[in-house]
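In what follows, chain A forms one complex with chain B and a second complex with chain C.
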Partner chain A sequence: MSEVLTRVADGTQAPHTVSVAGADRSGRGRAVLVTVLKSLLALVFGLPLLFMIVSSFKPDTQIFADLGGVRAFLPVGDIGLDNYTGVFDRVPFAQFLFNSVFISVATVVGGLVVNSMAAFVLARMRFRGQKVMLAVILATLIVPFEVMALPLLWEVNLLPYFDGVEFSQGWLDTYAVQIVPFIANAFSIFLFYQYFDTIPKELDEAAMIDGAGWFRIYRSIIVPLSGPAIATVAILTFLPAWNQYLWPLMVTQSEAVRPAMVGIDYFRQLNVSWGQLMAYASVITVPVLVLFIAFQRSFVNSIASSGVKG
Partner chain B sequence: MTTPTAEPLSEAGVVPRAARTTGTAERRAPSGTRSPGLVALLMLLPASVLIITFLLVPIGLTFVLAFTNARLISPEPAQFIGVTNFVNLFSDDTFWASLRNTIIFTVVIVPVQSGAALGLAVLINSKMRGTNFFRTVYFLPVVTSMVVVSMLWLFLYQPNGLINAVLANFGIAGPDWLGNPKTALIAIILMSAWQAMGFHMVIWLSGLQTIAQELYEAAALDGANRWQQFVNVTWPGLRQTRTFILITITIAAFGLFSQVNIMTQGGPLNSTTTLVFQAVRSGFQQQQTGYASAISLVFFVLVLAVSLVQRHLTRDKEATR
Partner chain C sequence: MKSSTRRRLTFGAAVVTATTLLLTGCAKGGGTSSSSEDGTITLWTHNAGNAGELGAIQTIVDDFNASQSDYEVDLQAFPQDSYNQSVTAAAAAKKLPCIMDIDGPNVPNWAWAGYLAPLEGMDEELSDYLPTTVGKYDDEIYSYGFYDVSLVMVSRQSILDENGIRTPTIDQPWTKDEFADALAKLKASGKYEYPADFATGLTGEWWPYAYSPFLQSFGGDLIDRDDYKSADGVLNGPEAVEWATWFRGLAANGDIALKSGSDPAQDFANGKTGILYSGSWTAVPLRKAFDDTVFLPTVDLGQGPKIGGGSWQWGMSATCENTEAASAYLKFAAQDEYVAKVATDTNNIPTTPGAAAEVPGFEDGGENDIFRQYAEEYAVLRPVTPGYPFIATTFTKAAQDILNGADPQATLDQATKDIDANQQQNNYFQ
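Right after this comes the complex of A and B.
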């Protein structure tokens, strides 16, 4: 089924439109109808986000005054950056953003290295217990994180933590506790495994004749050939890492390590300025939206390939 | 279960596939640069240690801690207390409310979200102009975090918020969506479906594109209309995709937490509380890890049962085909 992902969504696949002779006239009417329907749906999916961004530039009074009409979605009236400056005054927003970026990037980079190495061994070498290991990895895929979140919280609170100087007990309130548990990922290993398996084994053979060791084969042959798999895993790791909420909510207390998603809770507790809330939400959302639009094809291919395991 | 012990990775066990077929390769290469056993072990080690520590152990702990009085932070070691946690759980009305809400949420959102996503996929699965644009727009909420979406919709759902303001234009007095026990869960379901639909649209789309064009042509020649083509060609062709989508939506639905924590805190009158929300409340806020593990175990059994049933159903169909 892996050919699915290569064909998906790149738009080159022939459309499934079947024109029956004599149905042309109704076909044109249908096309108009379909376009209208698609546009209405685009409004349903796009307008709330547009509203969020537009409202981030308006004071609360203006937001409420504009609600009933089309002005709610237009940057008109009393427009300014007050909400943005307000957000930075009110919470340590720059720190939150840095924490989010650091945690997501570290998780992605660590995950790429660790999972691709494991998948390389599973896909290209042969040893006893290999099938069983792969089966265990696949079996864990149906266990949602939420099932083990609370036992994991208990566990990390008991693990020894090394801060570079000395050991202490408990990982709570650190960067490590937000990164390390999410580096090894069964699904990433599976995606890499699937991709590595398609690369001809003769390459290993040839490299070995030239005297290359296994690690060299991994680093100089397999990794450079695996661009699409790397992009897929990077995207599928980045999104959940950036969007994490439940876990950092439980394991972080200090603002020094808290990510932006949890920081948004401050606005629920303080008396709400909706405009500032929208500004905060826009800052943590728009960069991801821009990344998505820029790398749209990779994103969609990644998601589509996540369906291949079915 | 299978820890990568040194034994299966020993020198004798690890034989490069290439070397097996061509004995010469093994002899020619200098053995010092590649002792596959050690290299394989080292390359597997980080992932193995991390998966055991942060995946297999916590899963195992769920089963153990559920039968103890473990607390998150406690000087006393945890004690085995049998099924006391479950006895308490089953006599707790809030637990039943959370189980009921979780099941209602799942039962409603699985058909609604997967059906609507299939509709979107069929709608944009054509070479008409702008397909890329529409796909991108439908997908935007997926790349927006659930936290942001929840905050945004918290405002949209306010009694004087955007949705009611729009409804007022049509002379409809909207309810207090999140403040009314009758509408709160529905409001969360609608928002959740809105957020995740684009994800499943893309997966449906990949399924649609595996169906051979000739099948549609043949059906059209036989005089099948579009609906008949959908029922007889598209639907059977999506069997694998369907299984995958049902399982992923179901598992994600059982894990409902962020929306509830941000928008309603389980209220009003426990009408939106969920299993995970209750697990977090007892295991984190009240630090009762044992009790929270019991809730997690119920959650786990639920997920396992549904996966097995869904897998069984699809397997049966395959057998009869």
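Right after this comes the complex of A and C.
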């Protein structure tokens, strides 16, 4: 470096050239370092997934024999599809998958409508107690679900239920009990509220002059302008709905309405079927992976804008 | 707000609500009530995903339904790992089924909590059942099981022979010193990651089930069984401290892992350990792995070998509205034929001698007969008190702390204090 500086000082080398070359080198070095660090980080998060998928093709004995080394992450040895065959023999997989998809999609759809409407009212309309209402809604964010689980169980157990033919008491063992309590969500309302608040209020006034009512403003102006917020809320609602475990465990009793996540317990017997467990975990991860690949940009944006991690 | 706008908003909200209810309201699993007017009762089992046992239970249910026309039993299966949470949630909602299975040590607690009703008039049917398979509390029978399981020391005859280790028998099990000597020989061979695997990586009920028998073999216990009021003197006495010191010593000497792998049986099959402390449920996979697998009695640490007793059992819920149907089913299912069926399909110890004669391997001299002998000779019930779940978690924490190096006396004193306080707070579950 000192030699280069000397040459620049005595005029044998153009300073401009030196700085660009030096900047290029240091830039490349930094890029390589960042890439290496990113790769290491990717390995930390990627290896468990790779282990899960690779192990799903191996018999139990080999999974444990390979554990000590790099073979654990390689599709080598006695590879086959027996674990996947076993999964489909052991659990009503199609039923569980349908249940999970239905519950998650219904929660997302219901959540988008209800929470965006609630946020619209709080962000765009003016009425007494508006701020207090927003504060109360946000305050519910600090209460963990585990605290509310038992009271919620008692509550849904007392509600009237109509199955299309007759009324009965209690929502246990239904789709409804896995969807309805999770539609209204304070965090989603907050995200929508934040976004709606940035849309100029003049749009509402102009629409009102043209004769539009509040619902028309919501439907024709605010919703079409809120694509990013809708994507964010959809993703952040779908993931917890898909991953629900404790609640369905408490409220479902039959396989007809049991979601895929609870199905993983089917493989944890006295003699655990590790290969089948890995195969099942791989298969129920696929829908989330597909969703991630399809909406990768929205995923990243949603996490960046919401401050949610993991 | 304009009235037309309000109408539209109201309409929009109604549409959303109706759509949601329509979407979600179409399906109901249909199994929450304990009985219905048409004589159908619901039965819950923890066997979802366990094809062998679930198939056997389904056979009994089908046979019962076909044997008469008054009642119908509807089976619903739950995964074992989360079964207790499901039952507890259903009990909180007063939606327990008429018939359900229960893990043996939980019977007193569930009876005390009002989940279970006593089984009337079954003394004759259950007269020749293994004592550990009949769930009693307050001098009443609340449950019975088709089978029991047995804790064993698993090894290979070739391992014992190569290392000059005596093969223990039911009449002459290993003594404490002999076991220490066996571990030393296995360690000296240099062939194993650890000479023995005590499955210390497992969690939950395994800890009290597997390790309290060692405590009892030293002469200690989880609670004083004279009146079930205090653990003082039995959980923190000299025998208990001796147990704790021995248990800690195994890990400190490198004889067992501080935390074993997720599946100790697989590690044994892969040759990582020379002796496996596990149960009769490993018989099928480990006989498949080696043709010289041996299932040995546990160690005599002073008061003779001890093993935990009591496995899954069947009972009737206290909220069952059709107790006649439930009783009819429970009596029907208690026949030797079905005990044999379940034991055969699960390879567990059949609870009656009559059934044992029908189950391949469990007949006198059969390859599995040894498990039944262990259950008869060594089994100790876990404390028959509603306080058992608390005792179990307290003991588990103490044992884990001791294994990790905590002072034995101080740790056991604290556990004793906690258990005594819980018994006292609940008025000794009177």
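Rule of thumb we're sticking to: the second predicted complex is superposed on the first by the 260 of 310 C-alpha atoms of A that agree within 3 Å, B and C clash if a C-alpha of one lies under 4 Å from a C-alpha of the other, contacts with A are read in each partner's own complex, and residues count from 1 in each chain.
Convention: a contact is a pair of C-beta atoms (placed from the backbone, for glycine too) under 8 Å apart; a residue touches a chain by one contact, two chains touch by 3 or more.
In this text the structure is predicted, and so the values were computed from the model without any measurement.
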| item | value |
| --- | --- |
| Touched partner set for A:E205, first chain B, second chain C, both or neither | first |
| Which superposed partner A:Q253 touches (first chain B, second chain C, both, neither) | second |
| First (chain B), second (chain C), both or neither touched by A:D163 | second |
| If touched residues of chain A are counted for chain B and for chain C, the larger one | B |
| Partner chain(s) touched by A:L81 [first = chain B, second = chain C, both, neither] | neither |
| Partner chain in contact with A:I189 - chain B first, chain C second, else both or neither | first |
| First (chain B), second (chain C), both or neither touched by A:W154 | both |
| Touching partner for A:L33 - first (chain B), second (chain C), both, neither | neither |
| First, second, both or neither for A:R90, with chain B first and chain C second | second |
| Touching partner for A:A294 - first (chain B), second (chain C), both, neither | neither |
| Contacts on chain A seen with chain B and repeated with chain C across the two complexes | 64, 67, 113-114, 117, 125, 150, 153-154, 157, 180, 183, 213-216, 246, 249-250, 265, 267-268, 274 |
| Interface residues, chain A side, partner chain B - complex | 1, 3-5, 7-9, 11, 13-18, 20, 31, 34-35, 37-38, 41-42, 44-46, 48-49, 51-52, 64, 67-69, 72, 113-115, 117-118, 120-122, 124-130, 132-133, 136-137, 140, 142-155, 157, 180-184, 186, 189, 201-202, 204-205, 208-209, 211-216, 218, 239, 242-243, 245-246, 249-250, 261, 264-265, 267-268, 274, 277-278, 281, 284-285, 288-289, 292-293, 296, 299-300, 303-304, 306-310 |
| Touch list for chain B against partner chain A, complex | 1-2, 4, 7-9, 13-22, 25-26, 28-30, 33-34, 36, 39-40, 43-44, 46-48, 50-51, 53-59, 61-62, 65, 70, 72-73, 120, 123-128, 130-148, 151-153, 155-156, 160-162, 165-166, 168-169, 194, 198-199, 202-203, 205-211, 213, 216-217, 219-220, 229, 240-241, 243-245, 247, 251-252, 254-255, 257-258, 261-262, 276, 279-280, 283-284, 289, 292-293, 296, 299-300, 303-304, 307 |
| Touch list for chain A against partner chain C, complex | 60-61, 63-65, 67, 89-91, 106, 110, 113-114, 117, 125, 150, 153-154, 157, 161-164, 170, 172-176, 179-180, 183, 213-216, 246, 249-258, 262-263, 265-272, 274 |
| Residue ranges of chain C in contact with chain A within the complex | 1-2, 4-5, 8-9, 12-13, 16, 20-21, 23-32, 44, 48-51, 76-82, 85-86, 89-90, 92-95, 261-263, 265-267, 269-270, 279, 281-282, 284-285, 289 |
